[in-house]
Amino acid sequence: MHIGILTGGGDCPGLNAVIRAVTKALINECGARVTGIERGFLGLLERRVRPLGRREVSGILHLGGTILGTHNRADPFRYFGAGGADCSAQVMDYVRELGLDALVVIGGDGSMSIAHRFQELGLPVVGVPKTIDNDLMHTDRTFGFDSAVAVVTDAIERLETTAHSHGRVMIVETMGRYSGWIALEAGIAGAADVILLPELPYDIEAVAQHCRERETAQGYTVICIAEGAHPVGGSLQVQAHLPDSPDPLRLGGIGTVLQQQLQPLLSSEVRSVQLGHVQRGGSPTAFDRVLATRFGYHAAQLVAQRRFGCMVALAGDRCTEVPLADVAGRNRTVPPDHPLLQAARGLGVCLG
Amino acid sequence: MHIGILTGGGDCPGLNAVIRAVTKALINECGARVTGIERGFLGLLERRVRPLGRREVSGILHLGGTILGTHNRADPFRYFGAGGADCSAQVMDYVRELGLDALVVIGGDGSMSIAHRFQELGLPVVGVPKTIDNDLMHTDRTFGFDSAVAVVTDAIERLETTAHSHGRVMIVETMGRYSGWIALEAGIAGAADVILLPELPYDIEAVAQHCRERETAQGYTVICIAEGAHPVGGSLQVQAHLPDSPDPLRLGGIGTVLQQQLQPLLSSEVRSVQLGHVQRGGSPTAFDRVLATRFGYHAAQLVAQRRFGCMVALAGDRCTEVPLADVAGRNRTVPPDHPLLQAARGLGVCLG
Amino acid sequence: MHIGILTGGGDCPGLNAVIRAVTKALINECGARVTGIERGFLGLLERRVRPLGRREVSGILHLGGTILGTHNRADPFRYFGAGGADCSAQVMDYVRELGLDALVVIGGDGSMSIAHRFQELGLPVVGVPKTIDNDLMHTDRTFGFDSAVAVVTDAIERLETTAHSHGRVMIVETMGRYSGWIALEAGIAGAADVILLPELPYDIEAVAQHCRERETAQGYTVICIAEGAHPVGGSLQVQAHLPDSPDPLRLGGIGTVLQQQLQPLLSSEVRSVQLGHVQRGGSPTAFDRVLATRFGYHAAQLVAQRRFGCMVALAGDRCTEVPLADVAGRNRTVPPDHPLLQAARGLGVCLG
Amino acid sequence: MHIGILTGGGDCPGLNAVIRAVTKALINECGARVTGIERGFLGLLERRVRPLGRREVSGILHLGGTILGTHNRADPFRYFGAGGADCSAQVMDYVRELGLDALVVIGGDGSMSIAHRFQELGLPVVGVPKTIDNDLMHTDRTFGFDSAVAVVTDAIERLETTAHSHGRVMIVETMGRYSGWIALEAGIAGAADVILLPELPYDIEAVAQHCRERETAQGYTVICIAEGAHPVGGSLQVQAHLPDSPDPLRLGGIGTVLQQQLQPLLSSEVRSVQLGHVQRGGSPTAFDRVLATRFGYHAAQLVAQRRFGCMVALAGDRCTEVPLADVAGRNRTVPPDHPLLQAARGLGVCLG
């Protein structure tokens, strides 16, 4: 058996743990030959592959990023970009040349959709879900999320000491364009006073009122806001992410927007920090290493059992799988009645 | 409404997060008066209490230990120790004097059993499960466990560099007298080569053989062993923990026992480290802060809804509750077919 | 003896360690009464003080920020801002009312200059130097710097995994408006490939050339740039910090400027992260706790010996002191022949 | 020019940073060929070497341990152990075969002494000092020490929460057989209440008295004790470390001895933790990475300038060198009038 493996989309702590688990399990339990494909689907187009043995995947469990490299926008069905050429036939040729019996694809929504199309073209595929934002449908949790939450929580704690010492309002902007899981969990873990999510458009006056009450009582406020959050009726975040927008907001992100909205309404100084890429780099937490290892081992088992066309998933505390065909393009957002939102409200957190 | 709250048994990261969530939620949502009882059930005997308000529980989310203090062996039904006097009537008198409407008890197996008896004496109780070992029945996970796993994983990583540099066999002894969850998860997260659990008695020759193979191939070995692990047919660990045993093994723990067993069978040097109390102290991980906050908020809701006589529990990703009467004295051990054991085996880890 | 203590300027890890050491030592060794002044010199204007005893300074050693609060721009000699009124007489009245025998001022350049003027007005003062940037004249090192370097090093390491996985050029902007110590030490500790300092204006073409060579050889590049760095002949950084500039560069910082300069010259994607306030918040490193404790204890000894009008300093491995009159308004910048610059060059780091 | 490099003695965070700096600088600035010798001086006996190029030393700056391996007791002048054969001639033969022009030896006292003898036999040597205990004569600081202090400080902080919650006396035993630097700095940084060093034999009654006072006032005590500490007139620590002693104390270390001494004198429970090897493993702190890089670069410069027979040293903030002949076999202990001891006393710490 000859199995290919690739990582697609943005990098994420735990990718190497998956690569290691898939490779070791396939070698140990199936005697398989494993080939690593470089830079996501791009490697299948550019014919960049390398053999993966026990030695190659030894000592990588704790490493951030992916030893195979990845690529954000390499879709062989439209190379490059919308309107690009369909190069899937060349990929299939190369796969046949390599003699791959199946492909393990570790990636997000986009990668799963490409994986599904290859499965339909006759290349057996097993998917492993990856999203730092924890917003993929059909799986309760994804690796990388816990690590991101840990980084953000640590940052909020650091910023809290500064906010407290200076009597400031301090805004922390986290990842989460379409869903607020990172901001919500890290906001709770970091004891943020205000948590703003894409799912709950915020009323700037309500936020300001909460800050004013704290100005009197505690003297400072920490706000945790997801990248994709926006004011009620607002579309600021759309502008903010248009790649070619000349808008100064684009540079600063929604945290800067909120800073500019809040400052005139408050007497204390308002500052903001955009955490950026540090949230997705670095060594995975122990939790993510275990979860990624479980995902990788489960993927290898699916390969061994020739159960292709599906994606590994976590349901409760159990690894399971869902058909790739069902992995919709929708995001798993924070439902308005989620227990964590209720808990946050119950503890006095302002949710906008 | 006047609610008492206490923490019992060994300390555990996340206790303060629970205290904070219970207190804030009871004040915010029920207008309750909250009283903290000091040093577990001992405080009800020694009449040591103090009021808890928003200010008292502010800034404690990330603190290790418990601001209320705790006590390992304070059972009012036998004060102190087996054969001790039943002082429960005095406790009930004091509870009436204080005017407590209910009690929130954060603790392990022993504390839940005491809580249950008070419930039967007419004191409404809500329990919150606490065990760093993650081995309480009826709940999928408990706070503190993730923090302990993180500490142990970090230690394994540190020791791996030493083992590698010197070509040694390095043994790390973790907590887990009756169950191997910490050793198993941290062993996987730290890429230990051998993981030994109480649930799977080890064959010393099999362990030695694994080490010898690695002596040739990789040159070093890292072994993660739970405090309660023991050789096949062995009872060494029992002696090791008899409190008054004059046995030198008692001082060193099972890690030292294993070291002495292995050394004659290997050519490389064998060293062992017992991690001890560092595993249970210190700031909780973000994961544990969120889980403890959820548990605390759920406990407050149970109080608000006057649903007493039960313990908060986690089922999958949902907070729920189980009757205190059902909280057995049994430990939730690692089942022999647990997916993590399979994954470990599949990745080539020696399980004894 | 009645001693006042205040913290001025930006917050910095280790301030609480100094407050604790000064207070404990004055109480233990001199039987002094200690009064904490809130929010820097502002507290002397607004008459906000509180007593500091052993209990108040217990458990604060590891806390970030300052329990006394601080203020960036509170100068009693011009309240507020340039052209503000001289309120120093009111301060002196209040000091006499309080019955303060001396004042310990923990702060940067600006605070030392104010402290010196009060000394000249007859208020005995001991200064303790504070600057996260490590650029104060007359002292080899200041507390807080090591902590900032640790945070930045950790961030560079995280970003390196992302840069590597995606084949990107990743820019990290650190603090350091006038001096490059943080960027230099963290750049070396984080193995940055390019380090750009205010002291060495960079040639954009040389930087691009270095990145292009790495595009071929290693596939990615990490750049560590100090906030105050600027291109040869450039004045971008000046605009970048004008508080009211409408310039989009102001929002993004010099990192964004560099990103925009580099992107057209390279084929790989360029991204930038501005670390911001996380560099100055949070718990001090062990190194900074020891240094801050030494500074605080030395300050208390100077008070006990009535050696006023001077600032604590570190010379080699020894605590000493310099006259406040000598603490110039100049910054201690990285000299062009500094051994660390030579080492960086020798290791192949591009310095612009 | 062909230069060999080896690491000897116990492992220590920062060794890889030195290897990297020496290698990169020799290649970049001298065009040298660099050969890594495996497992310390043992590699010169067993003829185990490998070439070191830019690629081999890339990405190792932050790794704990040493990529070359090390050995604690490999002395070619007495192979193995006291009374062993003098194999130095074979080493010199091998060195000539390899065509080494010089050797860079990174190690402690013992390694420097061996290095010196080879220098006298005609092999040009440059030494780089390494001791986690920071107790080497002729250099103000060594890399690895800051990392060890950071690990111990973190452990003390964790244990403090446990001690506090349970009202216990908690003993932390640190490395430091002959000198107390680690215990002293980590004890101060971790706010230990009692710090016991080899240099200051402790009076058990004085320690107990301090604990009793804290039992009443604070309710708990944290004691930081160096491995080599001992009671006044006591020789317990000698027994404790005799490798073949059947004494149970040997297993537990001086921390256990102190626990057994203290428990009968106190009413609260006494527990102890021996930190062990975790203190010397793992990634170096940013401080140690910078220091190790400076040491390595300085060593390469000495080689380039053909200044052999000396060891790199730190004097104040400057890298310098001392003749290997002067590197005595004495340890740099904590002098009784050291400012840190005075500061500790001034802050109320019990020093025994």
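Descriptive notes on the structure:
We call the chains A, B, C and D, going by the order they appear; numbering starts again at 1 in every chain.
Here is the rule we go by: a residue touches a chain if its C-beta (ideal position, glycine included) is under 8 Å from a C-beta of that chain, and two chains touch if they have at least 3 such contacts.
Quantities reported herein were computed from a predicted structural model and do not represent experimental measurements.
When each chain is reduced to the average of its Cα atoms, B sits farthest from chain C. Residue numbering at the chain C/chain D interface overlaps substantially, since over half of the positions present are found in both copies.
Chain D has its Cα centroid 41 Å from the Cα centroid of chain A. Centre-to-centre spacing of chain A and chain C amounts to 34 Å, using the average Cα coordinate of each chain. For chain B, residues that reach two or more other chains under the stated contact definition are 157.
Going by the touch rule set out above, the chain pairs that meet are A-B, A-C, B-D, C-D. By the touch criterion given at the top, residues 20-21, 24-25, 28-29, 54, 58-59, 61-62, 140-141, 146, 149-150, 152-153, 157, 185-186, 188-191, 218, 285-287, 289-290, 293-294, 297-298, 300-301, 315-319, 339-340, 342-343, 346-348 of chain B touch chain A in their complex. Chain B contributes residues 7, 10-11, 15, 39, 63-66, 69-72, 151, 154-155, 157-162, 164-167, 170, 219, 248, 251-252, 256, 271, 273-278, 280-282 to its touches with chain D in the complex.
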